[in-house]
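Have a look at the structure that comes next, please.
Chain naming follows the written order as A, B, C, D, E and F, and within any one chain the residues start at number 1.
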Amino acid sequence: MATTKTLVKTRSRNGNATKPAPARPRATEGDDTEITALDLAVAKLTPAMEAYFKKCEEKLGFVPNVLKTYAFDMPKLEAFVAMYNDLMLAPSGLSKLEREMIAVAVSSVNRCYYCLVAHGAAVRQLSGDPPLGELMVMNFRAARLNKRERAMLDFAVKLTAEPWTVEEEDREKLRRAGFSNRDIWDIAAVAGFFNMSNRVATATDMRPNSVYHAMAR
Amino acid sequence: MATTKTLVKTRSRNGNATKPAPARPRATEGDDTEITALDLAVAKLTPAMEAYFKKCEEKLGFVPNVLKTYAFDMPKLEAFVAMYNDLMLAPSGLSKLEREMIAVAVSSVNRCYYCLVAHGAAVRQLSGDPPLGELMVMNFRAARLNKRERAMLDFAVKLTAEPWTVEEEDREKLRRAGFSNRDIWDIAAVAGFFNMSNRVATATDMRPNSVYHAMAR
Amino acid sequence: MATTKTLVKTRSRNGNATKPAPARPRATEGDDTEITALDLAVAKLTPAMEAYFKKCEEKLGFVPNVLKTYAFDMPKLEAFVAMYNDLMLAPSGLSKLEREMIAVAVSSVNRCYYCLVAHGAAVRQLSGDPPLGELMVMNFRAARLNKRERAMLDFAVKLTAEPWTVEEEDREKLRRAGFSNRDIWDIAAVAGFFNMSNRVATATDMRPNSVYHAMAR
Amino acid sequence: MATTKTLVKTRSRNGNATKPAPARPRATEGDDTEITALDLAVAKLTPAMEAYFKKCEEKLGFVPNVLKTYAFDMPKLEAFVAMYNDLMLAPSGLSKLEREMIAVAVSSVNRCYYCLVAHGAAVRQLSGDPPLGELMVMNFRAARLNKRERAMLDFAVKLTAEPWTVEEEDREKLRRAGFSNRDIWDIAAVAGFFNMSNRVATATDMRPNSVYHAMAR
Amino acid sequence: MATTKTLVKTRSRNGNATKPAPARPRATEGDDTEITALDLAVAKLTPAMEAYFKKCEEKLGFVPNVLKTYAFDMPKLEAFVAMYNDLMLAPSGLSKLEREMIAVAVSSVNRCYYCLVAHGAAVRQLSGDPPLGELMVMNFRAARLNKRERAMLDFAVKLTAEPWTVEEEDREKLRRAGFSNRDIWDIAAVAGFFNMSNRVATATDMRPNSVYHAMAR
Amino acid sequence: MATTKTLVKTRSRNGNATKPAPARPRATEGDDTEITALDLAVAKLTPAMEAYFKKCEEKLGFVPNVLKTYAFDMPKLEAFVAMYNDLMLAPSGLSKLEREMIAVAVSSVNRCYYCLVAHGAAVRQLSGDPPLGELMVMNFRAARLNKRERAMLDFAVKLTAEPWTVEEEDREKLRRAGFSNRDIWDIAAVAGFFNMSNRVATATDMRPNSVYHAMAR
């Protein structure tokens, strides 16, 4: 038994006896050009939205594809942006990182490619702890979290997977972990929002900007 | 075997041999006064929101509890109202009734008390077919629907229950039922929105105005 | 942002820009005439069953469709009626309302159109609290119940959804809520019965008498 | 690597290095004496039931524990026996073996100890093919069945696991396999009955007569 | 109501009014000759494997079909045998019976025909309590077990059904039941191994030697 | 509505109004030092294993933690290494990349932290397409795959999630995608192996070497 040989042999990817795999596309082929499966014509941006897109370019270096997707209709884009920015960026008892952690843990239950990529990057960036982003994608239960984070994610994930079972006892657990009633609202609202966005993104096969993949690694 | 006796005997509710049930609260006790479990202080309405609430009073006779719930924070209320009104009331390839049918079928998967009550009433009212509202709550598959409605609800319910499995084949089914790409967006957006609202409502134990229960029966 | 406009505008159901929905059948089309998908010829009623049907007409004003369905075979009809009447109407530690609440909560898990309609009406009628019927259909956890009712429904719903996990601990919870061993039998028997009826009704697409929909609202 | 050694060594059950397992009860301890967890007093048998129990003793050599269980109340016992005998033994387009196969496949989904033991024995006996009984318990899909049997069990198992999804298409599959509308009723009624019995048995921890275990092996 | 007649009448299997069932194959047709659906040519046994197969013949009277299945490739067969024998037969804090109980309880979750038959027989044989084997197949919760066995199977079954939820709390339950860390490894390793074997067996439609069915009854 | 402000503002992570999150551990705290929750003493390596570990150090730069974990017992380590190397590295109709894609897609269903990290890195490395690794973790259905890869992963994931439903039809789909019977074995064997490893890793809280996180990004 020659057990010593092969766990480490990764350089010559296909051994002699191994048939070469058929040609394959890049996994993200077209992600930056065909953003959704619906091909909706972009509308003329309102001045507010034009300014907002410009600001994205300046600060991020790109306009997130979700915004380009909603840009087929200005009222929809403006409503989405207003709600998103309020939830994720306005003052709250939850830090921005905590809100992004909820976003990714929820998106993990729903297995949403767009949101896992975009918000996984945000968790890596905001935390300065890149594996935290991976863990939110994979299984938040395996991450070393403090009690507050764990209670928050337990609630958000239960609310995502089996909303009909959430009751006062679940809110009490959050209160015992130090969350105020207003904080509970924010946890629910962020979890709810990504339950919406996950479904809009999956239903339309929305593709994340490929720049996210390497961000903050 | 005296089988003839009792299926019909409903008047004397508890027979002699039956112990009286213990006192019980009304199932909707407090629904109009304690709207959520979070007890968040209402903020001062912006002029726009004040006008909007007044309009609700005039047209509906009441302000829906969901609006009162969001009124602890004006940016949240305004963002919610903007998105809601765009989705449910703006021009669309989907009729208003169809959008409400999605709302209820989605809320049925998530078993959301608030949304089933409020939007079940809307389906009864918009359709002029009260049992249609019941069927959306109970099991949309048992309703006599046309093919378009059935395809629409099949998509919305699959997107709700197992979003990660929705793919091009599912969009193709909608197209074969006559829906345009823009219509597919609208189906996804409405289904997504109620996946959000269901969770915010359940997480906060939001209670519907009790007036909905008897509406359009 | 003209948020004030449209949440309340429900009268003109489809706005100008909205395509009219295609003609649609009533959701309950044929419910009173084509009672099942199986089209089994009705047999000659035995004298006992003839008397029983007459009594239904007198007391309820109609013969429940489930009875007409079983009437293709007298032994089956008689066995069903005997078991039904014993379970739902004979003396028991459970009130008739409690038994009907179990019926609806179980039927909600199984999403049985026939039973939710017929027994939802019974809960409305027996309780004098119409929203209680709705809540049993939607999500019993959202109703204001006393502890006894809650324990009873928790047991019945667990027994319906995951029967293999019910053990002594579950019976102990019922005992702690004040139920006797005989009461536990009755809870199990009623929950079991509707797990049967739900499946017979769904398998045959059994349709409830449409008169139930408006009853006791 | 001495791979040859041990797969076959089963005689000396615990090797030297293996700690002896702690004393354990027989898996079926008390099955013939404490038939349920509810301990309900047996009532006086009616003459019809007394004759029936005597007949069981003569033909089977014992009274099935389910009958003893129901014997705390004569109307319940009589209703159960009437329905059971009609469903499982009266003339039908389904053979008795087919009805027992449904019983076991349904009970396998619900993992009901009582019904799997008692009706697994019936399948072994009626088929003269003992492993068929095992396969109905384990996974009916692994058995070599004819198309009719497979269609019948597919329907019964779907109706058990996800009743809300059963629709005309499922009935059509049965018709294509040669079943009449009356046969569809019988499949549904037997599947429904065991969905009831499984739950009554599990809820009460009903124990099968231990004689079943060795029967028709 | 002639309830006395038929529960016991099993001898004349199909009554006059009952159509004979169509000819049916034995449920285990071909199990000893067409061992898998893949029809892979058996390779020449290495001397070690030849000796091992011979030993099986001597001790068991047959070579288990799983070994014949793996025999298309000697390195795979040797690796499987080495791992199997180490896990199931080497010294451990778990008795051989306990390891077989885990094997069957895990295989019951996955409904694996091969493993339930082969290892169900092993439980019957090692325990000298044949119904214990049946109970591991049907629902381990219904067996009379000691606390140690119950804790062990609860862990193995949770690890099988929802591995992502297993955490320190679950390991603590095992420790409280008297298991060491090394024992926990062994429980996990055996449960893991059968989660592998169940899938290889089902994926290839692997058939157990039919001799297992009657063994140790 | 000042929508232009904040989607892009990620630099100052917590705004003034936002409470700082409580101190939190790194998500991977201790991953390289406390490899499992079981704390089993490492045994003396056999010469073969010592050579193998040395080879890992030379080629990979580290010994994978899974190997260190198994090193408490040499027969277990050797059996694991033999099976792993045969499955993942020996000649096969599946390329090494394909085998790693199965590993990650299976581990995604089971949400196994260790395997997703270690084998996600392998997919990135072998494919030269880092986002492919991410997509296998998140939702393989969202990746741009060729038909062969898709059929292979559909089979592996179904076998993982609902093994009892895999039948000849599923094998036929693989054959139609060009896989031989031997290839089907290999797909099943790799999927099976990771269903084992996922459970051993999760049951013991096995932690991946932290070097994997940044590898081949």
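The criterion applied here is as follows: contacts are C-beta pairs under 8 Å (C-beta built on N, C-alpha and C of every residue); 3 or more make two chains touch, one makes a residue touch a chain.
Small disclaimer: the values here were computed from a predicted structure and weren't measured.
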Copy pair chain E, chain F: interface residue numbering same or different (half cut): same
Angular offset of chain B relative to chain F [C-alpha, multiple of 5 degrees]: 120
Centre distance in Å when chain D and chain E are each reduced to the mean of their C-alpha atoms: 21
Rounded Å distance between chain B and chain D, as computed from the means of their C-alpha atoms: 42
Chain B and chain E: spacing of chain centres that average the CA atoms, whole Å: 48
Set of chain D residues in contact with two or more other chains: 1, 78, 82, 90, 111-112, 139, 164, 167, 205
Set of all touching chain pairs, with the criterion as stated earlier: A-B, A-C, A-E, A-F, B-C, B-D, B-F, C-D, C-E, D-E, D-F, E-F
Contacting residues of chain F [partner chain B, same complex]: 1, 139, 141
Interface residues, chain E side, partner chain D - complex: 1, 3-10, 13-30, 48-49, 51-52, 55-56, 58-60, 64, 67, 78, 81-82, 84-85, 88-98, 108, 111-113, 116-117, 122, 125-127, 129-132, 134-135, 137-139, 142-146, 148-149, 205, 210, 213-214, 217
Footprint of chain E on chain F - complex, ascending: 37-40, 72, 75-76, 78-80, 82-83, 86, 90, 110-112, 155, 159-160, 163-164, 166-168, 171, 181-182, 184-185, 187-189, 191-193, 195-200, 202-205
Chain D - residues contacting chain B, complex: 78, 164-165, 167
